[in-house]
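Before anything else, here is the set of structures, which you'll find just below.
In the two assemblies presented below, chain A is common to both, partnered first by chain B and then by chain C.
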Partner chain A sequence: MPAVSRRHPGLVIGKYLALAFYLTFALFPLYWLLKIAVTPDALIFSEGTRLVPSAISFDNFVTVIFQTDFLAYFKNSLIVSLGTAFFTTLIAAGAGYAFSRFVFKGKRIIIAIMLITQMFPLLMIIAPVYKIVADFGLLNSLTSLIIVYTAFNIPFATFLMQSFFDGIPKDLEEAAMIDGCTRFQALRQVIFPLTLPGLGATLGFVFTAAWSELLFALMLISKNDTMTFPVGLLTFVSKFSVDWGQMMAAGVLALIPSCLFFIFIQRYLVQGLTSGAVKG
Partner chain B sequence: MARIELQNIGKSYGAAEVLRNINLDIEDGEFIVLVGPSGCGKSTLLRMIAGLEPITAGDFLIDGEWMNDMRPRDRDIAMVFQSYALYPHMDVGRNMGFSMEIRRATKDERKSKVAQAAETLGLTHLMGRLPKALSGGQRQRVAMGRAIVRNPRAFLFDEPLSNLDAALRVEMRLEIARLHQKLGATMIYVTHDQVEALTLADRIVVLNGGDIQQVGTPLELYERPANKFVAQFIGSPTMNVVPVSGAEGGVTTQNGILINLPDASKVTEAAELGIRPEHLDVVDPAAGDLLAVADVVEHLGSDTNLYVNVDGLGALMVRKHGNIPAKSGDKLGLRIQAEHAHLFTANGRSLGCAG
Partner chain C sequence: MRRSLYLKYLVEPFIYLSPSIFLIGAVMMIPLIVGISYSFQAIELLNPFNTGWVGFENYIALWGDRKFWIALENTFFWTFWSIFFQFLLGLGLAMLLNTDFFGKRLFQALVFLPWAVPTFLSALTWAWLFNPVIGPLPHWLSALGVLPEPYNILGDPELAMWGPIVANIWFGVPFFAITLLAALRSIPGELYEAAQIDGASPWQTFMKITLPFLAPMIAITVMLRTIWIANFADLIFVMTGGGPANSTQILSTYIFTTAFRKLDFGYASAIAVALLVILLVYALIVLWLRKKLVKV
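The block that comes next holds the complex of A and B.
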């Protein structure tokens, strides 16, 4: 018999109550987002605090998609987030591998500097970043956002990748090299397939960070046609005074890529791909 | 198949020197075991031969060809790791054939070689499994299969049995011995387990503190250890060593007992006497060279281990074949088989057997 069944029933009930409370707490804002998005305009204020609206309509979604610039914002965000995720992960994977496997001069200093970059609030460096981007003539371009986001995400992503490489036994590469691989072949044939969970996690992390970033997007982008989704959402406020229904509908739509992305990479996030490599 | 030469090989990490003046000629087809305590440099030496660690001094040759700077892949040496290091995302068959895949062997050639190796090691029914679905012994076999598939010039083993349980270790030890007989290949094997060393090796290399202490066949090391370290490292249980001083016709122990030796020509230099537990006889308390009190007695069935105390000398160990009916606290006489006694100088050099 499993051990659980022998526990005191009160403990089991308590455990599930705690879980239910946590889930409600964490997911309630999402529910509210969805609820307002599907509430017809006329009912939003009249039955504002009802848990379930008396009528459901998808008008807000239709309006957001066909009568606003939402799709353009959406496309911009997608380009920026995918670009950032791709470049950050590429660089972080290389740097993480080097930190994990090689001993070289200045390694500790580089790690220390990368940590220091994570210590300052981003607000402090907005002005210099704006100046640099402006000097390069990159204001109002998606490229500027990709560069800035990539720069900010690399340190953390590098540490993340390094820890994944650290988890892969060095013996595997050495065995591959003795089997006849060059270091690069060993990396590609043996280490890379085992790092997929790490790459997936890093991609997911950077993608969501870039997808929801507002501060720099707000500062560096002022033209409507290069606005990313979080900035675009702000324009909704002024454009429709406070049209809660459409804002929430846009918010729900904006969740879709993040969800899809995580569904796509979740199988790489499951642990256990390296089990069986070495003893145990 | 290959002849491997190590000439004045050394290894240092910055100022720290971990291996010095390693000179070793390994004949074609020889089974060499590198043995020594933890941190003696034996694994480092093996990794230098494999090409995984740079050689910082000396020359390393395979079949007369200078190999110091060759990459591992160009040395044509196979290695079995302590951790097995199987590729977790490849099934058994692909794990074994990976070296041929990398060398772009044709699929048919690969298949037949892998099948042949699998047959040798009894892995045929496991070919489609992933490493995580294998037991420790099976993983060990796959690691060996991966090495034999490509028919390398030499095999390296880095403590391959230390992750297995005792019974499996004996079984795999036999298997490695059979493999060596069958392939006749040059093999270099690292272990800290002297039983593996004694049973497998054509010649054993005893390392300590980065130096070779002695190179010889198992029996040479057992019978004629070059120094106290080798004498105590090889042989189980460990050799008893007691301080002595030279005397007329033999040596005197610290408690003043004269031990007569058949060959007393070198006793002037002698500082210590070594006697293996199996070379002490248990006799009547009045009849022996030494009077001992049994401390702990272990009855192993086939053998009896006696841990005894001798006044003025300290603890000694005695191992006798068969069952000795002694128990803790008993007074025993011990007779030293003087022809098997070893003498060592003050700095541990062996003066040879006194017999």
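The block that comes next holds the complex of A and C.
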């Protein structure tokens, strides 16, 4: 309501102070992460709490990339997150399409079950999932993580995809079907190109979620060569807890894919989070 | 012909749905039932000969477990203060974003960024910020007189819980802001114009138009978030591991440490069932309250 602000100069100042507060609160921790990462090792303790380092070096990044296993962790996380994002989006697109276009028996029950899966403590199933995965001999494999994460993310992604399908008029595919297409052809040739932004947003959300998952990865992965980035970083932190610069450089690296995807999905945030409304 | 058409309509949606149903069933619903059954068994991977059905033994042990009651109390503390500040700050941010100002698009992208930061990284970053060796926060807090000297509050049983809570607020404000912003945008603009013509003060406009319109969205978001935060173990697990002296142990971290460190699946499942029951009761109370309020 700009009109209100114009009447009260005090409100304008207050507003810009509030904007500055939110900006500082959101960015300061990330700035600090970056700052310690580029501070040369020799200066970390003497300048521990200075706002701007007096010298900048990228040695920590070089060390992390070339002398530790982080590149391998990074690759594992990338495989898991991309795999999860791909399969989840594919499967959830089918389910979202069914919810959006069909009226059928059992629809309410399936939706209710999907909502319930978003409510109960996921940690409740960490023990059974561990045992089942162990029984299949899939412990320490990236496949198990992809399957588990895909299932976890399907309900949210389904609701998101449904909201995108709801935004596409039914007439389009009905016209194509009258012209002799099967429903699947209509879906592929008419609807698919129109849902590309929706598919992209879903991919982004699921990728971000899979990239940050920690607890199930800790439980299911214990071998160094299949560790994902969160597990690797946490192991590194508990082993070498004084290599501040290197830990933070690794942290900055972990931030990159999330930020890229965030820039990409940023404009779908309002739609995405309100249609799911349950997922962080 | 008719029959086959009928069959087609009955079956067709399930062709699209079957992969989801299969995966959710196999990875979530079956383990959920198995998990509940675990709570009536003794399953310790470190003690493989001591397995089998034990009835309510896990629950009896839980009743007498002091750690459980501390964790329950901490869960309330953690959830309440996290939600309280996330909501207040989120509402403020949403209202700011609902006005016009220079550079709004960039501002919005930057303040939403914490939401995209992986949780383990948020946890580590905040743990480092609270560390007096490399973080500025203890020094600032002691300069302000909040702390007598710059020490790590994560090591102080009295204050440790505020570390993960602050990290949680940082991480959760964007979510509330986004949800409330969507609701704010759905309020018809004419209402504000009418209020302005009638000479309403900004405070009156907020109390009489904005808040009543947002109320249903607020209720549902707060309820869902409460459940989500009560279940949210990552931040605490990474920042303090439940310590010092269990002062930051909440039920979900207690479940995880029991399953992950002790590999005692039976007991972990019993705690998990207790948490589930508490959340169910909470959800029922909220739904009942909502029904009552809507009637009046």
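Here is the rule we use: the second predicted complex is superposed on the first by the 234 of 280 C-alpha atoms of A that agree within 3 Å, B and C clash if a C-alpha of one lies under 4 Å from a C-alpha of the other, contacts with A are read in each partner's own complex, and residues count from 1 in each chain.
Everything below uses one rule, namely that contacts are C-beta pairs under 8 Å (C-beta built on N, C-alpha and C of every residue); 3 or more make two chains touch, one makes a residue touch a chain.
Given the structure is predicted, the values throughout are model-derived calculations rather than measurements.
Touch criterion met: A:G180 reaches chain B, while chain C stays clear of it.
Touch criterion not met for A:F205: it reaches neither chain B nor chain C. Look at A:P193: by the touch rule set out above, it reaches chain B but stays clear of chain C. By the touch criterion defined above, A:F86 reaches neither chain B nor chain C. When chain B and chain C are set side by side, the one touching more residues of chain A is C. Legend: residue contacts after superposition of the two complexes on their common chain; A:F159 is shown touching neither chain B nor chain C. Contacts of A:L172 after superposition on the shared chain: chain B is touched, whereas chain C is not.
In the superposition on chain A, contact of A:A95 is made with chain C only, not with chain B.
Residues 273-274, 277-278 of chain A lie in contact with chain B in one complex and with chain C in the other.
Contact residues of chain A toward chain B in the complex are 169, 171-172, 174-182, 185, 189-190, 193-194, 272-279. Contacts from chain B toward chain A in the complex involve residues 50-52, 71-73, 77-79, 81-89, 98-99, 102-103, 130-134, 136, 139, 146, 150, 163. Those residues of chain A that touch chain C in the complex are listed here as 1-5, 8, 11, 15-16, 18-19, 22-23, 25-27, 29-30, 32-33, 36, 44-45, 48-49, 51, 91-92, 94-95, 97-98, 102, 104-105, 107, 110, 113-114, 117, 119-132, 147-148, 150-152, 154-155, 158, 183, 208, 211-212, 214-215, 218-219, 230, 233-234, 237, 244, 247-248, 251, 254-255, 258-259, 261-263, 266, 269-271, 273-274, 277-278, 280. Considering their complex, residues 9-10, 12-14, 16-17, 19-21, 23-24, 26-32, 34-35, 38, 43, 89, 92-93, 96, 99-101, 107, 109-122, 124-126, 128-129, 133-136, 139, 170-175, 178-179, 181-182, 192, 196, 202, 205, 220-221, 224, 227-228, 230-234, 237-238, 252, 255-256, 259-260, 265, 268-269, 272-273, 275-276, 279, 283 of chain C touch chain A.
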